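Presented sequentially are two complexes of subunit A, the first with subunit B as partner and the second with subunit C.
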Partner chain A sequence: MSTPRHHVVIGSGVAGNQAAETLRQRDPESRVTMITVSKLPFFNRYDLPRVFRGERDWRKFVIYPAEYYLDNRIALRRATKVVNVDGARRTLTLEHNETVRFDTLLVASGASAYMPAELAEYQPLMHGFGAFRDAIAAADALPKDGHVILMGGDTIGLDLGRTLLDVGYRVTVIAEKHTFWPHEIKAEERPLYIEALAKMGFEVIDGHARGEIAAVRAGAPGLAPRRVVFHDGSEIHGDIVMPFFGVAPALDFMLGSGVDIERGLLVQPSLRTTNEAIYAAGDVCQIWSDADKRYHFYHGWKNVRAMGELAARNITGADEPWVPIQDESLQLSADGRIRSPFWEYA
Partner chain B sequence: MNKTDIQIAICGSAGEGTIAAGDILRSALAGAGYRIIAFDAYPAEIRGFGKCVARLRVTTEQAYSLKEKSDVLVCLNDDHGIPHIGEVRDYGAVIYEEKSIVPLAEGAHVSAHILPGQVPYPVPIRELSERTTGAVRSRNMVVVGYIAGLFGLSREPFYKIVDAKFKNKGSVAVQNRKAFDAGYDLGAATFKLDDVQFGAPGEMFHATMLNGNAAVARGCLDAGIDTFFGYPITPATTIMEKLASEMPKRGKRLLQTEDEIAAIATTIGAGYTGARAATATSGPGLALMSEMLGLGVMAEVPSVVFVSQRGGPATGIPTKTEQADLNIALHGGHGDAPRIVIAPTNVDGCYRCAGKAFEMAERYQTPVIVLLDLYLSNRYETVALPAKSPFEADSDKPLAKQDLGAGYKRFAYTDDHVSPRALPGMAGGMHVVTGLEHNELGRVNEQPDVHEAMSRKRHEKLKAALSHPDFTVYKRFGDEGQVDVGILGWGSSFGECLEAMFLARREGIRCAALKVVMLSPFPVDAVTAFLDDCGAVLVPELNYQGQFAQLVQAETCRPVHRYNRVTGTPLRVEDIYAEVRRLALAATRKAA
Partner chain C sequence: MSVVVNLKDAPPGSVAGIEVAYSDDPRDSGWVAKNIPCQHACPAGTNIPAYIRAIAEGRHGDAYEINREANVLPGVLGRICSRPCESACRHGWPGNGEPVGICNLKRTAADMKHAGHRITEKLYSPTGKRVAIVGAGPAGVAAAHDLSVLGHDVTLFEREGHPGGMLRYGIPAFRLPRDILEVELHNALRLGVELRLGEGIGKGTATPVARLLQDYDAVLLTAGCMAPLPLPLEGEWKNRDPADVCADIEHGLPFLMALHRDEKKAVRKRVAVVGAGFTALDCARVASRLGAQEVIIHIRTAEEYIPVTKEEIFEAKREGVRIRGLRTPVGIELDADGRLTGVRFVQNRLGGWRDGGRRQAIPIPGSEFIEPCDTLLIAIGQKTVNDFLDIPVELDRWQNVRIGENGMTSVKGLFAAGDYVTGPTTVIEAIGRGRQGAARVDTWLMGHPRRRKVVRIMPVAGPLRERAFDFIGRQEMPTEPPNERIRSRTLEVETGLSTETSHEEAKRCYLCNLNYQIDVDRCIYCRACIEVAPRACIKLVEGVDMEADGSYGKLREAKEWNRVGAIWIDNNECIRCGACFKVCPVKCISITRNEFVEVDQP
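Right, the complex of A and B next:
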């Protein structure tokens, strides 16, 4: 009797879960292990703004009940960090000193918030939004009718901003080059979208005109708790400051794996890396495009989920190329508001 | 006020301070005003091999047993912790060592086994211990602190317990406080994802936390025990240990004898002199004592024998619980040798049965066996003991002056079959005591009518114990009148019976439970009346044969359903409930 194949998935987001489900369906006899640093099971990050509407129970965000994993024989390993992948030996090492052998590995570790190096030292004064606990901490720090400063203003931040405005908070966006990320906006169209933000209720400050952000500081007596200082010497005050400068692939543990990495893991249209046993899907990978001869990142719930499914199909014998399924263009609605396809999930 | 009902399990290897962590946790929480039921499971080995599990249930309302599922599990050891992961309920917390210092094979770390509904809390336990105390031995204090911090408990009750526990050990208390604080700070800073909530303890529950054996010792002391003779045996030994530290302070004597036969012999000897005397043993010891117990019966000498049962036969499973010594307690030995056998069902009962046993032994001039088991001996509960002893200092039948003198009849036939007892040295009380059959004077007599009369006397005098003052012989709980299912329980497992009954009633089953504390003489009328009220009767117990069920059927001539387990662990509430439900459904189908 042969030993069942062991498919390991790193990451328990949209791509990882879709992949695990597909692996289970297409290879019923296999072992499927999903490893994540998160203490929580798969939850809807797109729904996190609801925390600011008062929803504080993480169970309300969870997509699959606990039984789902048991019924599908998906070993979900949470609070578990992969520190090294040995592509040649097909093993990975966990931070707590355990070694796991795999037959195939899908890296779907996603991305974490990108922080410009010049602002990294001020991170303790900012509130992140990458995890459930970050959202709770930000909501706790925000007084009723408080003032939120969104630095950068990528689509994740703007999505949160919509909720904050709706709930009654004051929201200032410090616009700079990451605003609207990952949408690529032509320079001449940019004012239209900035204007649209204002129409939606955002207060928009042109960070570039002020010489870019220089520092984030604690408020002084009589002032709001936080100050954002610009290189021109001006500053704005708010209750919390949240950075939204886009995301960076989470792949430190892959540096010694032997697979090619640029900014993300480089994969063929089949989502296979340079190691035949290792695939990647989601925000962590750049996919080769034969059309323009370069590697592309693809974002958004639908794209990422499709990547997870495709990777799992190809791992289990298919040979299908990646075809993006999500429109990535930022749109202006008839009433002058912006609408991003990256805000949609289903 | 939010009700609190939280069960915490701490699992580790012998020598890792697992049981000590449970002890500090339960003591501190009892000190904070919560009610506690706790039970430790440990291996037969002294150190270094086996698994230890300390479990404690913390409540604001009275509880009667441990729960099937724990709300929090602490794993100090991967190998031992992994099999217990499944005991944690959904949204409960699993706290474990974050990193291993040795390479682990796949699946050897606790994190590999945490179920999707549970909340993982990896903690750098070893690192915190080493950082704060320079050693790993304070890992247990780190986890106690982590639990306290995670659940927002006050540090003060823990400090108090730590200081008291290590008061004579130099800087150990300080070191342990440091380890506790390190764990506490990390716990308090941890983002809490489980749904375990400690409510305020509410009105301070002024209680003492004792385990069954300590309660027995306390009952002995409050009853004025004069002498104790014993030979160590698990799980009874701690009765002797506790008494050894307390009796000398009160001018009383305790002797460790060379074996169990000597222990019972000296106990009976002391009882003969009028001293309140007791011994404590387990099943193997009781087997050795059986012959001498017959002497106590024949010579009508008061004596008290505490028997804490463990898994048998032979050496058996000495650190696991069982209720399989009922038969030997009731019938062990040769000849018609009736004795009083009582079995407390909880820690408070251990105290009361211990004290009352001395009263009964004196009043009815007979050996009294108090039947515990490992689960009850080692089970901790918060109990409110009376400030003043509720036990009679002297229960001997009054001896009138005219009874003494020439022709004093030590074994006189009387209306209540109890003869006024003269003690050695008492003027006019000279008499013969023998293991041979005897007449009223105590002289050897083998006449048929004498043996018949004396046998009747020795049996009939015990019946009065069924109405012994201020003693609960049996007690009914739950629905009154006719019920679908009745649960008949005894000893340590009655708490699980009671919880199962509550569960059944919540599910709409008419259910009642009867605890029987006095097993000999048997309260036939009360038990028969209960059985007649029940559509079906379930008798759960921790032995293979159904020894209590056999007793009930023999005494009442009524059918009962047996539920027997011999796993070495306490019965499970859910299992008893499942049986109750099955019986109730069967009754419904039959009626339809």
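Right, the complex of A and C next:
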């Protein structure tokens, strides 16, 4: 009797869970282990703005109950950090020095908020939005009718902003080159979209015209708790400052793994990396496109979920190429409001 | 063969009055080379554990002198070294955390030594020999220092107005303040070196090489690698240098050199830099300081594989520089007025591995695209120039001067060293090669080598570290705010570790020069040491393979008790925490400090 294959999935987001489910279906005898740094099991990140509507019970965000993992024989290892992957030996090392062997590895570790290096030192004065506890901390720091400053304003931030406006907060967007990320907008159309933000209730400040953001400071006595200072010397005040400059692949643990990396893990259309036992899916990978001969990131939960499924299918014997399934274009509706396909997750 | 001498002044941490062995046995030198990875990786062979230990004990002056034995410019290298030692550091091996901040500690030694610190030199008596050195870059300065210490009469020729070579003309002041450079160059050349500035050598000058060979007993060429490599383009730009055609395009090194000669330089708003080394990064950071609104470095592979430190990349990004990977320039886009409008690139994929952890870039046919820009700085490398030579000298296939094992060119009495021989390397490599060149010149002049390396083996009373030191995090170098840097243009970016943080960082060093050994005749095999060891560093072995040099190699671990031949400390795995030494009930574990030292050849 042969030893069952051990499939390891790093990450328990949309891609990782879809992959684990597919692996279990297509390889019933195998061991499936899912490793995540998150303390919570799979929860809907796209639903996090609900925290600002007063929804604070983490159980209501979780997608699958614990029994799901037991029933499907998926070993879910929460609050566990991978620090190193050895592609040649097919092992990974966890932060507490445990070594885990794998037959196949799917890296679906996603991405974390990108912070421009020039602003990194001010991070302690900002509120993140990547995890449930970040959202709770931001909501706790925000007084009733408070003022939120969204730096950058990518689609994740603007989605949060829509909720904040809806529940009565004041929201200022500091527009700069990451605004609307990951949508690519022609320069001549950009003013239309900025204007649309204003129509939606956002207060928009042109960061570029002010020489870009120089610093984030704590507020002085009698002023709001936070100040954003621009290179032209001007500043704006708010209760909390949240960075939304897009995301950067979370792949530190893959450095030294022997797998090719540029900004993300470089994968073939089959989602296989340069190591035949290692695949990647979701925001962590750059997928080769034969059509335009470039590596591309693809975003949005539908794309990410499809990537997770495809990677699992190819791990278990299929040989199918990636085809994006979600439109990535930003649109203006007839009433002048912005519509992003990435917001359609309900 | 070991030589045993009596130690009168035992250094701290060693046993006073004990006997110290000086060994030239290849097994001992093999142990040092294999077990002290940082020193082995340092092209100058700096005794890193020794100077870090000195810093941990607050002896910054001693730390500076230990550095200076291998590298005459510790304060300079403590700021701009490429840090091959840190890549090799055992603390950075998988499972051990992050490497020790060796370079930052080197700077600490220089910055925190006593204001009245006196430099010590082991001077030799005058030889009456005259040596000319051509080029006052890092290799030339290191060679001039060593040859003057050895008693030779040295003249150092430099065509620029100041000594330092790439250090002065290639590296911006925000990375290497000029006052630090001035002081260390002065100290390196103060032993009677005659420095002749603004004096070119060779064809078209008043001092041809042939004349030097007549006037001096030996001539050492350390002219460096100062000519920029041309950018290989395709199509209409093939075999053309775009810098000759368009004023918006410059080669990076001449751009920096002109700037550091105090010539006025300017860039336009959107600057593209092509290249992946320190020069490319320096060009980009200078462009930011000159007022560019967008600066992008375009590289052929990816950030992960370029030969610059992560810290430099991070600081460049903090200053607004962006890096874009997987692209090779193939053409230039100009408008009707001949002004630059963009660079045409081809998309790459990553290929196989090259030396030094670098990757090949393989262009993908049909994937061309244009990146708009209005200034282009080309910094893809340098090469040597030999057209100044007025006598025939044999060259290798890369058009570098060929030297023999004695360091001499095909011309008797004409030596060469540093980047001028090897092609472009790093400052620490140039210093190492310069010192090597000096030793070869000295050997030729005197008829025999006067110095040799041996291993000094000194018993140590007990562990010099605590296990708790292994949990100290790497102390990061503090820096000036990006706004201040850009505003000042020359403000040094890194502000230096404090006394407290440098002390903490020094404690992190494993002190790999300590050799832990178990006396198997006294061991009672209680396994207490194995129980307390934090890693699998103490092993029960059947036997030990021998390396070619006679040093111990791979351990053959025993799987059954009845096959155990010995209990052995695997020095490769050992992190010198001292836990085994402390727990041993029969005190059968000994510690010695094994390190290379230079001694006079008898």
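Keep in mind that, in the parts below, the second predicted complex is superposed on the first by the 345 of 346 C-alpha atoms of A that agree within 3 Å, B and C clash if a C-alpha of one lies under 4 Å from a C-alpha of the other, contacts with A are read in each partner's own complex, and residues count from 1 in each chain.
One rule holds in what follows: a contact is a pair of C-beta atoms (placed from the backbone, for glycine too) under 8 Å apart; a residue touches a chain by one contact, two chains touch by 3 or more.
Source: prediction; values computed, not measured.
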item: Subunit C versus subunit B on the shared subunit A, clash or fit after superposition; value: fit
item: First (subunit B), second (subunit C), both or neither touched by A:N97; value: both
item: Partner chain in contact with A:T316 - subunit B first, subunit C second, else both or neither; value: neither
item: Touching partner for A:S112 - first (subunit B), second (subunit C), both, neither; value: neither
item: First, second, both or neither for A:Y69, with subunit B first and subunit C second; value: first
item: First (subunit B), second (subunit C), both or neither touched by A:R78; value: first
item: Contacts of A:N275 with subunit B and subunit C, given as first, second, both or neither; value: neither
item: Superposed arrangement, angle subtended at the Cα centre of subunit A by subunit B and subunit C, nearest 10 degrees; value: 100
item: Per-pair minimum CA distance [subunit C against subunit B, superposed on A] in Å; value: 6
item: On subunit A, the residue positions that both subunit B and subunit C contact, one per complex; value: 97
item: Subunit A-facing residues of subunit B, complex; value: 90-91, 98-109, 111-112, 114-117, 119-122, 191, 193
item: Residue ranges of subunit A touching subunit B (in the complex, touch as defined); value: 39-41, 58-59, 65-70, 75-80, 94-101, 133, 136
item: Complex interface listing, subunit A residues touching subunit C; value: 84, 86, 93, 97, 116-118, 120-121, 214-215, 231, 255-256, 260-263, 266, 274, 288, 292-295
item: Residues of subunit C that touch subunit A when the two form their complex; value: 94-95, 302-304, 314, 317-320, 325-326, 347, 349-350, 359, 364, 366-367, 481-483
